[in-house]
Structure formats: C-alpha cells, structure tokens
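Presented sequentially are two complexes of subunit A, the first with subunit B as partner and the second with subunit C.
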Partner chain A sequence: MTYTFTTNDFLLMVQGAGITFLLTIIAGVIGTFMGFLVGWARTTKNAVFYYSLGAYVDIIRSIPLIIQFVLFNSFMAIAGYPMDPFISGIITLSIYISGYVAEVVKAGIESVPDVTRKAARGLGMTYYQDFFYVVVPIGMRTVFPSWTGLMLGLMKDTSLIAVLGATPPELLRSSQIIINRIQEPLMILLGAGAFYFIMCYVITHFAGRYEKIWQQKRQAAL
Partner chain B sequence: MIEIQEVHKSFGSLKVLKGIDLTVEKGEVVCLIGASGSGKSTLLLCINALESINSGKIIVDGIDVHAPQTNQDQLRRKLGIIFQQFNAFPHLTAQQNVALAPRKVLKTPTKYAQALAQEHLAKVGLGDKLDRYPAQLSGGQQQRLAIARALAMEPDYLLLDEVTSALDPELVGEVLDTLRMLAEDGMTMIAVTHEIPFAREVADRVAFFHQGVIHEIGPAKELINNPQQQRTKEFLGNIL
Partner chain C sequence: MFEYTFQWRVVWKHWPQLLEAGLLTLQLTILSIIIGLVIASVLAVFRDSSNPFAKYLSVTWVALARNTPALLQIYMAYFGLGAFGIHLSPYTAVLGAVAFNNAGYLAEILRGGFSTVPASQKFAARGLGLTATQSYIYITLPQVLQAVFLPIVNQVIWAMLATSLGMIIGLQELTGMTTFLQSQTFRPFEFYFVAACMYLVIAKIATMLAQIVAAHMFKGGADK
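Moving on, here comes the complex of A and B:
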C-alpha cells in the first residue's frame, strides 16, 4: 500500500499556515505593544527603568527561543498553573519578540534629533504631545523596515512552538506529520517553504507599500 | 518683560553662565553677540526652561520660570524659540507643521488652525508652499517655516538662536528680512547672532558675552561702532 498526498493533507497544511499566521499576528501585536513600552521606558532618564529593562532585553535576546518555550511552560506547570501549550507558547513568543522590538523602538525614539524635540517643547507642547505627535511618527518611519524584519523572523520562529506539542499544529509541525506518514520530505518541505514565502511576501508587500507612501509624500514632484 | 537676575548655569563642572543680569522690555530687540561657547545659546534655553539653571532667577511677565510650581509647558507658549539647526517636523507639510501646535496645545479646531497656518506662512513669504514637505524646501525656507510655526502660537517673545548660521550665504538675507519685519511690528526679540550689521540695524541693545558673563552692553549702534571694552573691540575687530 502506498501513501499519497491527499486533499486532507493539503487542508492540514493550509490550517497549519493559518495557525502560523495567527501566532505571528497575536504575538506580533502583543510583543510590539510590550516592546514599545519597554523601549520607550528605556529612553526616559529613569536609571531604574534603563538598567532593569536593559537586563530584560539582554536576557531575552541571549537565550534561544526553544529554551524559553520549555522553561516558561515547565515553570508555569511547576508553579501550579499548568497552561495549554498553545497559550504558553503565545506568551513566550510575545515576550521574546518584545525584547527585540524594544531595541528597535528605542533606536527609533533616539533617531529623532534633540533639537526637533526641543522645538516641539518650545512651542508649548507637553512631553506626551511631543512624544506622540512628533517623536513617534518620525521615529516610526525610520525603524519601520527593521520592525518588518522582526515580524518576518517571528513568523518563522513560530515553528519552534512545536517543541511544546501545541495543537492545533502550525505549518512546520503539520508538514512533519504528513512527512511521517507519506515519507516524501522533499516535496512537503518545498510546499511548506512556499507557504512561508507567500505569507512573508504578503507582509513585505504591505510594509513596502506603506514605506512608498511615506517616501512619495516627502519627495512629491517639486 | 523678561528679567534675568544673577543666573548661573553649569554643565557638570563646566560653568557656562556665571551671573547674568539682563532685563528686556516689551517691544525691545536685544542681540547677544560673542564667541562660540560664551553661553549665549544656553541663556536662551534657560529663558524658556528647556534648560534648568543652577541659581538666580528668570522672570517672564512676573512668572518665575524655574519655580517648581510654574507650568513650564504653558509658559513656553509665550516664548517662541527658533534654533540654528533646521527642525521642521519632516513628516508634516509646511501647513501641518505650523498648525500642529495650535491644534494640539491650544485645541484650535483644525480648520481654524489651518487658516492660521496659511496666514503665518504667507507672512513669511511661504504662502505658495503650504503642501510642501520640509525636505522640499531650501534652508532659508525651512527657517522661515520655523518662524511661522513659532508665530502661530502668538508668542509675546521670540528667542532666536543663531537662526542664520546654518544657511548658505545667499539665503541669509531672506531670513533676516523676515526678522526685520517682525521687529518693525514691535515683536520683542532676544537674538543670538553673528550678523553684526543686522544687530546694528535692528537691535535696540546689544550685549557682548564673554566667558559666561555679559562683558559689555549698550545701545546697538554705540556698542558696535564704539565699543569701550578691549575684549569687545577685539571680538568685533575679528568678526567685521
């Protein structure tokens, strides 16, 4: 009896791709929000924030994600709060990406020249008005490509959630399930790669469009 | 009226201002001249509380600028400041640049703020550049945009920090013309400048800064044409 690639296998991969996309979106949104706060707090002149959150960022960025998945999941279980692997995976991914986003946000904020901020404050704007109407829009345009890169990386990192055996399986895990059954690793991995590529392309495409709009605004025909 | 009394300011161990006394009346134009690093620009930043002071007092219309209970954000609306470096908000058009602070700080409805922006941009000769982004403007135009942006808050005072120093020589004139116009309108200005002929023509008084103190101060024409102090003579001799 030969095992072949069935419609159900294809649907499993589509579902996996959907899970991957969902994980990316959820962890991306939560992680970006957390990273924004952490990065922002590190640019204030508060030394406690600067060093404690600096340690947070360093630790997160220095430990392999796969270890963080296992440690967090086990820790919660040992602490008496066993979690669904899927949920604990999302939390770990969010925390993980927040460390990287924090550094990007910090760089973005610091890219805005001091004199521009002084000019804003000189007009009577408060710290928060300056921050939200001047610093964020300017800094965001500067670091948007870096942030996009982080999100693409995050999408591929979601595959590591497999280490927890989270269900439903994301794209890579779905592919492995099919490979185990039909023993056609090359074809299936090629297909999975194509799925990843398409999803990343969607993100890159929309990010690119945003950047173009900003650029056109600045360089509109004289 | 701006009253500056015995103001001292240090950055770490570097003493920048060593006891400045200066009173500027409403409608007066005072130019601050002197070598780089003599503390002129720092004084401007201290006047509108963008820098703190170590001792002394700065009083603007009866309000002690550096007193803890003073709302400095509110105070700065009175004190427009324009810097040497171009600092238009790059993500906004000229009109949006000017309208931003009135909209957010004074809560002026967007429509009125835009009209206000249009009016002030026209005043500085940028009436046809409303929709341009700063990157599409020349240095002189960007500085005039900065002036319009400050004027839109209807400040009682303008603090000018070497506003022509970063400009190509052929663009200096247009910015000075704008300032001349403001002086004629009776705007109170404290201007740090290296444009001595401009100071002589427009300023009521000129103060010569040297190593953190006002070394000599007097009516503009007198001080520039006939300085009394040796240091002032040397400085003017070098620069003219």
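Moving on, here comes the complex of A and C:
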C-alpha cells in the first residue's frame, strides 16, 4: 500500500506555517520589548548594568538555541514547575531573541550623536523626552534593517522548538510528520522550504516598503 | 520548592566523551567555515559576473541559504538527497549543510567588504605604477580584510551554534553526545549545563583570539 500526499497533509503544513508565524510574532514582540530594556540599560552609564547585562547578552549569543530550550525546560521541571513545552518554548525563544535585539538597540542608541542629545537637553527637554522624541526615532531608523534581519532569523529558529516535542507542530515539525508517513522527503522538504521562503520574502518586502515610506517622509520634511 | 539534588559526578565520569564531542564540534565548525569561505569567494565574484548562469547561481544560492532554516537544509542533505540516490552520513550531511549555509552568508559579507573600497583607489594605485596584482594585494585586500573580519568572526560563532543541529539527525557532536549521555543517565539539566558552559568557553576563546589577531593585523582594530 502506498501513501500519497492528501489535502489534509497540505492543511497540516498550512497550520504549521501559521504556528511558525504565531511563534515568531509572540516571541518577537516579547523579545523585542525585553531586548529594548536590556539594550537601553546598557547605554545608561551604570557599570553594574553594563557588565551584568553584557554577560546576559554574551551567554545567550554563545549557546545553541537547542541547549537553551532543553536547559530551560528541565530547569523548570526540577524547580517544581513543569511547563507545557509550547509555553516554555515561547519563553526561551523570547529570551534568546532579546539577547540579539539588545545589541541592535544598543547600537541604535549609540548611533545618535552626543551633540544631538545635548542639544535636546539644552532645549529644556527632560532625559525621557530626549530619549523618546529624539533618540528613539533617529536610532530606530538606523537599526530597523538589522532588526528585520533578526526577526527573519527568529522565524527560522522557531523550527528548533521541535526538540521539545511542542504541540501543535510548527512548519518543519509538521513536514516531518508527513514525511514519516508518506516517505517522500524531497518533495515535502521542498514544499516546506517554499513556505519559509515565501514568508521571509513577504516580511522583507513589507520591511523594504516601510523603509521607503519613511525615507519619502524624511525627504518631504527636509 | 527546590527538592532536587544535583549530581555532577556522573558528568565528570563521562567528561572524556564530552571533550571528544567538543573537539568534533570544533572540527565541524572550522571545516564548514573554510569550505564556506572558498565557495563564498567564488559566489561573490559570480555575483557581478557578466555570465548570466554564474550570476543566477550566486543569487539563488545566497537567497536559498539565507531564507530557509538551517535545520531544513540539514534535513534536505540528510533525507532529501536520498531521492537522488545520494545517501550521506550524518557527519557529511551536517558539514555540507552548514557549509552551504555559511557560503550564502559569507558571500554577502565579502560582497559588502569589497564594496567598501572605492574603485578610484584602484585607479590611483594603477596610476602610481602598481600592477593589477600589486594594487589588489597592497591596496584592496587589506581594507577588505579589515571590513569583513568581525562579521566573519560572528559567522564562525554562528556556524558553531548551527552544528548543534546535528543532534537532530543523530550526529554525536557536543549537543548530540550530551543528549545521548543524558538519555542514559537521566540527568538532563547537569549534562546540558556543562555542554552550555563548553560552548560558551569555545565562543569566548574564539572571540578573544580574533581580537588579538585584529589588534596585530589592523591599525586600530577591526571595523565595528
């Protein structure tokens, strides 16, 4: 008896793509928020923040995501709070991407010239006014492409959540489930690759358009 | 709340195996970067070639390598190529897939590096009487190296992290060996913790070495 690719298989892959997208958005939002705080704290001239959060960023960026997944999951288990793999996966992904976002945010804040900030303060703005009305808008434009790159990386990295056996399956895991049944790895993997490719392409496209609108606005303002 | 007793002795007992697996990770990382760099240099040249085939090969390679997950690339090498009668060992599959991935990213890094050197410098060098080879070696290359040095170091770290995916297809590099050992001893936290520390140490040593090399090679360190 041979097994073939059915409509249900296709639907499973579409659902998987949806889960991949959902994971990216949830972890992306939480991770960006955390990364923003960490990156910002590192630019305040506080040595304790600078070095302790520097270590946080360093550690996250030097350990494979798979190991972070398993470590966090087993730590919660031995601490007496066993978690659903899906939830612990989202938390790990958020922490993981926050380390990368922090570096980007730090670079963005540092890209704003000191004189600009001093001028803002000289005009009577408070620290927070200077930060939110001057530094954030300028710095954000500088690092927006790097941030988009990080989010694309995050989307590809969500495929590793499979090591925890998280359900519902994301795109790559659902492809593997289908491969196990119909034994046609090449076609299914090509299909999954196409899904990822399209999702990456869509994000890149919209990010590019957004950037263009920004630039047009800037041109108009000048 | 915390009723768990950590058992580190069992990790110590398997330390030689972990160390050996760490060396395998190191070996995979270095090999994949060397192969990746060689292919990337070709791809970067092909990108601006007038031959349409070479150009499309380069564009397609870079797009595929950068827009699909590394794990999918490893699956492709390990399971997918079977459709063509090519059956790779886990080692070759991981090495091939990570090198494929590296080549895509490194090609973009190299291309960026070459674009930092204005063409006018080459003309000036030629005008001063340097041959094409001399102007390449003494003028272009040093500046390109300085521009691409740090991004390449980042890519080395990234390649090391990517080799950990070998665990999923049963390769016993550091992560794979850790998974194997914890499944025998039922001590996941201890084993993964030690493995995480080993990755951290390798990454730290690599970055420190890179900083020393950069300080000696370039005036004022590598470009940030």
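By definition in this document, the second predicted complex is superposed on the first by the 218 of 222 C-alpha atoms of A that agree within 3 Å, B and C clash if a C-alpha of one lies under 4 Å from a C-alpha of the other, contacts with A are read in each partner's own complex, and residues count from 1 in each chain.
Basically, contacts are C-beta pairs under 8 Å (C-beta built on N, C-alpha and C of every residue); 3 or more make two chains touch, one makes a residue touch a chain.
Here the structure is a predicted model, which means the values were calculated and not measured.
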| item | value |
| --- | --- |
| Partner chain(s) touched by A:A119 [first = subunit B, second = subunit C, both, neither] | first |
| Touched partner set for A:I66, first subunit B, second subunit C, both or neither | second |
| Touched partner set for A:Y133, first subunit B, second subunit C, both or neither | first |
| First, second, both or neither for A:Y201, with subunit B first and subunit C second | second |
| Partner chain(s) touched by A:F21 [first = subunit B, second = subunit C, both, neither] | neither |
| When both partners are placed on the shared chain, which of subunit B and subunit C touches more of subunit A | C |
| Touching partner for A:A192 - first (subunit B), second (subunit C), both, neither | second |
| Residues of subunit C touching subunit A in the complex | 1-4, 63-64, 67-72, 75-76, 79-84, 157, 161-162, 164-165, 167-168, 175, 178, 188-189, 192-193, 195-196, 199-200, 203-204 |
| List of subunit B residues in touch with subunit A within their complex | 45, 48, 50, 73-74, 76-77, 79-81, 83, 85, 87, 89-91, 100-101, 104-105, 133, 135-136, 146, 149-150, 153 |
| In the complex with subunit C, residue positions of subunit A that touch it | 58-59, 61-68, 70-71, 74-75, 78-80, 152, 156-157, 159-160, 162-163, 172, 176, 179, 184-187, 189-190, 192-193, 196-197, 200-201 |
| Touch list for subunit A against partner subunit B, complex | 113, 115-116, 118-126, 129, 133-134, 137-138, 141, 214, 217-220, 222 |
